[in-house]
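In the two assemblies presented below, chain A is common to both, partnered first by chain B and then by chain C.
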Partner chain A sequence: MNEQPVIRTQGLTRYFGAKPAVYDLNLEVPRGCVFAFLGRNGSGKTTTIRMLLGLLQPTRGEGRILGHDIRSLPPEARARIGYLTEEHQLYGWMNVNECGDFQSRFYPRWNEKIFHGVIGHFSLKPTARVKDLSRGERAGLCLGLTLAPEPELLILDDPAMGLDPVAHRSLIESMIYLTRRSDRTIFFSSHQLADVERVADYIAILDRSVLRVCCPLETFRNSVQQVRLRFPGAPPPVPKIPGLLQAFRAEGELRFICLHYDEATERALQALAPTQMERVPINLEDAFISYLGERGEKSFILSETEAQP
Partner chain B sequence: MKTLIRKELREIIILAVIGFGIFTFLLVQVYRSSTAFFANLALGQTGWMGDDNVQPLLGSFPKLAMVCCAIFGAILGWLQVHNERHRDLWAFLIHRPLSRTKIFFAKVIAGLCLYVVGAGLPLLGVIVMIRIPGHIAAPFEWAMVLPVTAYFLSGIVYYFAGLLTGLRQARWYASRGLGLGVAILVSVTVANVPDFWRALFLILLGGAIVATAAWGSFMSNGYYDGQPLLGRRALATSLMLGGFIVVMFVMVLLGSLVPNSFRESFHWSRYQMTKDGEIYKMTQPAGKPLQITELNGAPLKDTKTGRPITLTDFNRLADSESGIQADFEDQAQYQKRHQGRYMESSHFFTLWRQTPDTLWYWNQNGRLWGYDIASRRFIGSLGPSGFTPGLATGPDRFSRPEGKEGHGNGYYDSSYPAQTLMTDTVVYKLNLENRTASIFFAATNNNRIGGALDVSSKGYDWNNTIVVTREFVQLMTPDGKLVWQMPYVPAYPAYNGVTVSFLEATNRFTLWLNANDQTNKMMGWTLPSRVVWLASGQGVLESTNLPSLSGYRGWTPPLTERLLRSVVPPAFYSAPVFLHGMDVFRDFPWKDLLISVVAAVVCAVVGWLLCQRYHFSAGARLKWAGFHLLFGLPGLLGFLCVQEWPAREACPNCKKLRVVDREKCEHCGANFAPPETNGTEVFEPLTAVK
Partner chain C sequence: MSFNITISTGSNTPIYKQITDQVWLAFVTGKLEVGDQLPTVRTLAEDLVVNPNTVARAYADLTRDGLIESRAGRGVFITRKRKVFTREEGWRRLEPLIDAAIGEAMAMDFTHQELREAFEKKLGQWKHVKGGN
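Let's turn to the complex of A and B:
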């Protein structure tokens, strides 16, 4: 298997006016993985994807996708990359079959079975016009159009946005189906952290245009720890604790979410003299929210604890 | 690519159908008004008849084609892109295994096909209708199709300008629509060049510039950065041309803020004879009232009021004059010089006479073409050797009718008593009822005829023909008798202006021989005007020479025009050479060019400073400086439109502000600093999943 990363960027930067949308992005996406690209709205995920696909010129820096320079992606590289946009836009005047027919003529590896399998999964009528489809149905059609060429690299930009749970589940199943072949790589951005937790091998998190996390999913999950401290009376004020992301105050207890939990963190917590101290499992969503909510958007409880003398 | 073409065709065919319907409707309306005109003539109604009026291919159709093709082309191009400007739909279009150039060409092929359907088919339909005998009682030549063809082709430039407008990532109120300026300039120049090949050249040039700019923008998703070099240059040129129109518009607006900024002032002076044979001098000083004086300079006063006479009153006293610009050159040369532009009817024919049932056109081949008004069909042609039912051609040909040469606004005046047409050596009298041509006057001894004009004066019994030969100027009665004859002295070519007037009060005539301006200018305006008084059967009664007044002739352009001239880029001063040949250097506006060059130098300095702000390389700065020197203020506007204002941030090494689109600091060469860490980073090397 080719060990070269399917996506590699170095110092990739994009400004809109004087504001950096993506700043100095250094990223490598290994072949054959499911890579989740996360971040809050406006953090630069879509801008990155659009730069990777040559739909937007970087201000500086460089990138390669499947070994090709992103500034001049040749048609043969595009044939190997499937791209599902976040709003699932298609030509409204076409019907489902026409969409498939239109798309199939460009891709030599077009797999009609996959296309019909996906649209069948979403219960789409072949004669239905795109403009008459619901958002979920349109997403299904887009997915079919993206998967049928059997791309080596699938880039999905928030594919589940606005989908109902059934359509959402279908989408995820399709993604799982696709990853049965080991040479396929999926690079997707999403706000659906349960999906990420379910399918992703690696995650990257953009925080205000800057890449802060790029690691296996488990590594990130292990880096974020939740600890519950119980006290006989009112909990004491929260001191300065290394790696603290968030603190939640409740009656007789304090709950801390910390990054890079280590002995120094533990010592600082012990110093609060709790009657009980235990680690509590944390899911990815909570870890993610804590991670990104820590800066600039302090939680209500944390604000309250800081306000205490 | 075929799939994309089919998709494009299907996507915008509705627009082509709508365009086809509207354009067809308008053309049919214009066509009907033309045919109604002939129907009214057949019923005996008369009215204003222009050459353009009788042949819609040279009048109303080109005007309609200009407007409709421009609007249709621009909307078609714009909508073809605008429909797909949604970010995700654009990605769906672009992200496929096909080069962008092919995708662009697929769009263009489909767009142009539909343009041909929407704009070309209706035009073709009406051309075919006009070509079929029995519809329009006027000459038809395939070359008459060229004006509408030129405007149809100009519509393609609008199409590409529409594409460019749709593609550009710019604000509407800034530079997005500037590409349309190229198409507007092409339309304007196409209407003013003398030949079709020049028009075609301009269309191809303008079309190539905008098409390349549109292609470049397509390649880079509408941004300037990331375009191929050719696309960037074409875009800068397109926006510069659009900027030129904007600058002109702004100058007109500015000028309108100043009182009387649109008022131009002429100054001239000339002699005017009254019906009683007295000569006065009319002088129009710049910006002042007209002065009418006697030759000694004393103001002419109204005998009733004792005040200086008004122009209206003076015009009542003025004599009736008829003039010829004598020309002894070969007919073909003469005709070539006086042939109008390819868009004008005078390029092809002149409506010469109307009889109750026929229309007679003088045609470029030197024959009169007759059309039956009732059937609107060609009935035959009349030449010096007589009438034939066909389009006979040959060496025998009438010269262009006097008084109708090349002014482009051919007209037919029912009171115009045209009876004669001439060749180099013979003046023929034509009887259109009998369809015959008889010799009216023949030059002798290898003499040539330099001009013949039928003249009359309404309300007076004066209906004669002036004939100018190299030796004599003579006035003849309609039946060929000599009224008077006068040696042509001073002679042609220094004196080519021959004017005859009838002095009602004394039953005399005067003959004025005026020097041509070109020779007179070379002689320092020293050639006098010769005036001779004559009477029927008595010959020359008296004569005098009057000092030349032609030198006191000039025009002060309005303030607005002077403002406009100051912003015309230096490079554009070569345009008149292209349009009119090297003759323009005779009166070349060197002063305007100097102002334009000074303005361009200022723009080049400003541009140089801006380039420093952008931190361009020395080569790029020099290229832009050259661009600004050639194109002045519009060039500077084009530059500002294509170059996004650069974001800057402090360099961590040298602390100076550096532009963000360079890999290294332009001051100290340092790299950009990596983002500051905040302790929340989680990085781990990733490996391929087996």
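Let's turn to the complex of A and C:
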């Protein structure tokens, strides 16, 4: 059994001019998982993916993909990786079937059944011209072309972008379908947290070129906690609280979102002497936003001092 | 089996917990009975369009809590043969549910008396289900 990670990077860094696009990235993607690669626009996700595929040389650092050095990826390894990107090269004059025939010649392992399964799932006519396809249909065709060679590792760069809800659902279903083979790994970047919640086992979060989170999804969810404190009058000012991500002030209450909520956090909150204190479950999106948003206190209402100058 | 699981993303409740909650609810309301079969992990995952590991996690929790049992080669079945929660753990799980119901009721201006009566009436309807020991 092959237990080494399918992707592993150490100190992977890429500068564009003086600006780091990816800085000191240590990423590990276990075999057989669905791995969501998250971060705001411009955080370095695509740069990372391009380096992993050997399409962009790192400034420094190491990376291995399917056991091979990313600086010298042999074609044999490249053929075991499926890469779906927005700029998938298609010829407008071909029809759907012809695209499949054309692509299949580059892959000895081409599986025609998968190709037709995927395009059928996206309700694509085999005789439709590429230039007449809608965005969603085009995405379906690209996915079919990417999946038919049965890649061991599937890398999807923002696959959900611009898809209508029906095409979007087909994409997610295809990803779930792919997990039937437990040795297949899916690595995808996305802004769709609903997708992440449905399909991901692991997540990584890039924040302004730096990797901040790389763990199972559940671990991330458990590490971000929300607590509501009620006060008889105006809530006290927010002191320094260990692990505080964000604080929200409202009438008679303070709400805190904390990372790694522990006894120290609990003590700091109890010290505010609230009349009531309760954990409030938080959804993935709110946890993600408070993790990546500006730290500190947010106020939705003017405090009394601000209201009366 | 008149039992259907639905999940929603963006909920404060993780998907695996939505699944376990619904199976428990179906059991305590009699929609699922001992011996009923649940879909396999793979089937349910594809129905719900979620990662099979999420369903596996839910089933593992239900198995640990003694509600279901996986029989090799035959599938997943509802069982209930041992008491799984300590009294304390039971209370810990029950209390937030009671609080939530009372909170909702207060928000809708029900009186304490109305609530008490409603509770009694409901309990009456549940006579056929054995509770506790």
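Heads up, the rule we're going with is that the second predicted complex is superposed on the first by the 290 of 309 C-alpha atoms of A that agree within 3 Å, B and C clash if a C-alpha of one lies under 4 Å from a C-alpha of the other, contacts with A are read in each partner's own complex, and residues count from 1 in each chain.
Just so we're on the same page, contacts are C-beta pairs under 8 Å (C-beta built on N, C-alpha and C of every residue); 3 or more make two chains touch, one makes a residue touch a chain.
Just so it is clear, the model here is predicted, and its values are computed rather than measured.
Of the two partner chains, neither chain B nor chain C is touched by A:45. Look at A:281: by the touch rule set out above, it reaches chain C but stays clear of chain B.
Contact with chain C, but none with chain B, is seen for A:173 once the two complexes are overlaid on the shared chain. When the shared chain is aligned, no partner comes close enough to touch A:184: not chain B, not chain C. Comparing chain B with chain C, the partner in contact with more residues of chain A is B.
Legend: residue contacts after superposition of the two complexes on their common chain; A:64 is shown touching neither chain B nor chain C.
Contacts of A:200 after superposition: chain C is touched, whereas chain B is not reached.
Once the two complexes are overlaid on the shared chain, A:30 sits against chain B while remaining clear of chain C. Within the superposed three-chain model, A:249 lies out of touch with both chain B and chain C [touch as defined at top]. After overlaying the two complexes on the shared chain, residue contacts for A:90 are found with chain B alone; chain C is out of touch.
Residue overlap on chain A between its contacts with chain B in one complex and with chain C in the other: 34, 201. Interface of chain B with chain A (complex): residues 3, 7, 10-11, 86-92, 94-99, 220-221, 223, 225-226, 647-648, 660-663, 672, 674-675, 678-684, 686-690.
Every residue of chain A that touches chain B in the complex is listed here, in rising order: 1, 3, 5, 11, 13, 15, 17-20, 23-24, 28-34, 50, 53-57, 59-61, 71, 74-76, 78-79, 81, 83, 85-91, 93, 102-103, 105-107, 182, 201-202, 207, 210-216, 219-220, 223, 243, 245, 259-260, 291, 294-295.
In the complex of the two chains, the chain C residues touching chain A come out as 9-15, 42, 45-46, 49-54, 57. By the touch criterion given at the top, residues 34, 169, 172-173, 176-177, 179-180, 193-194, 197-201, 218, 221, 280-285 of chain A touch chain C in their complex.
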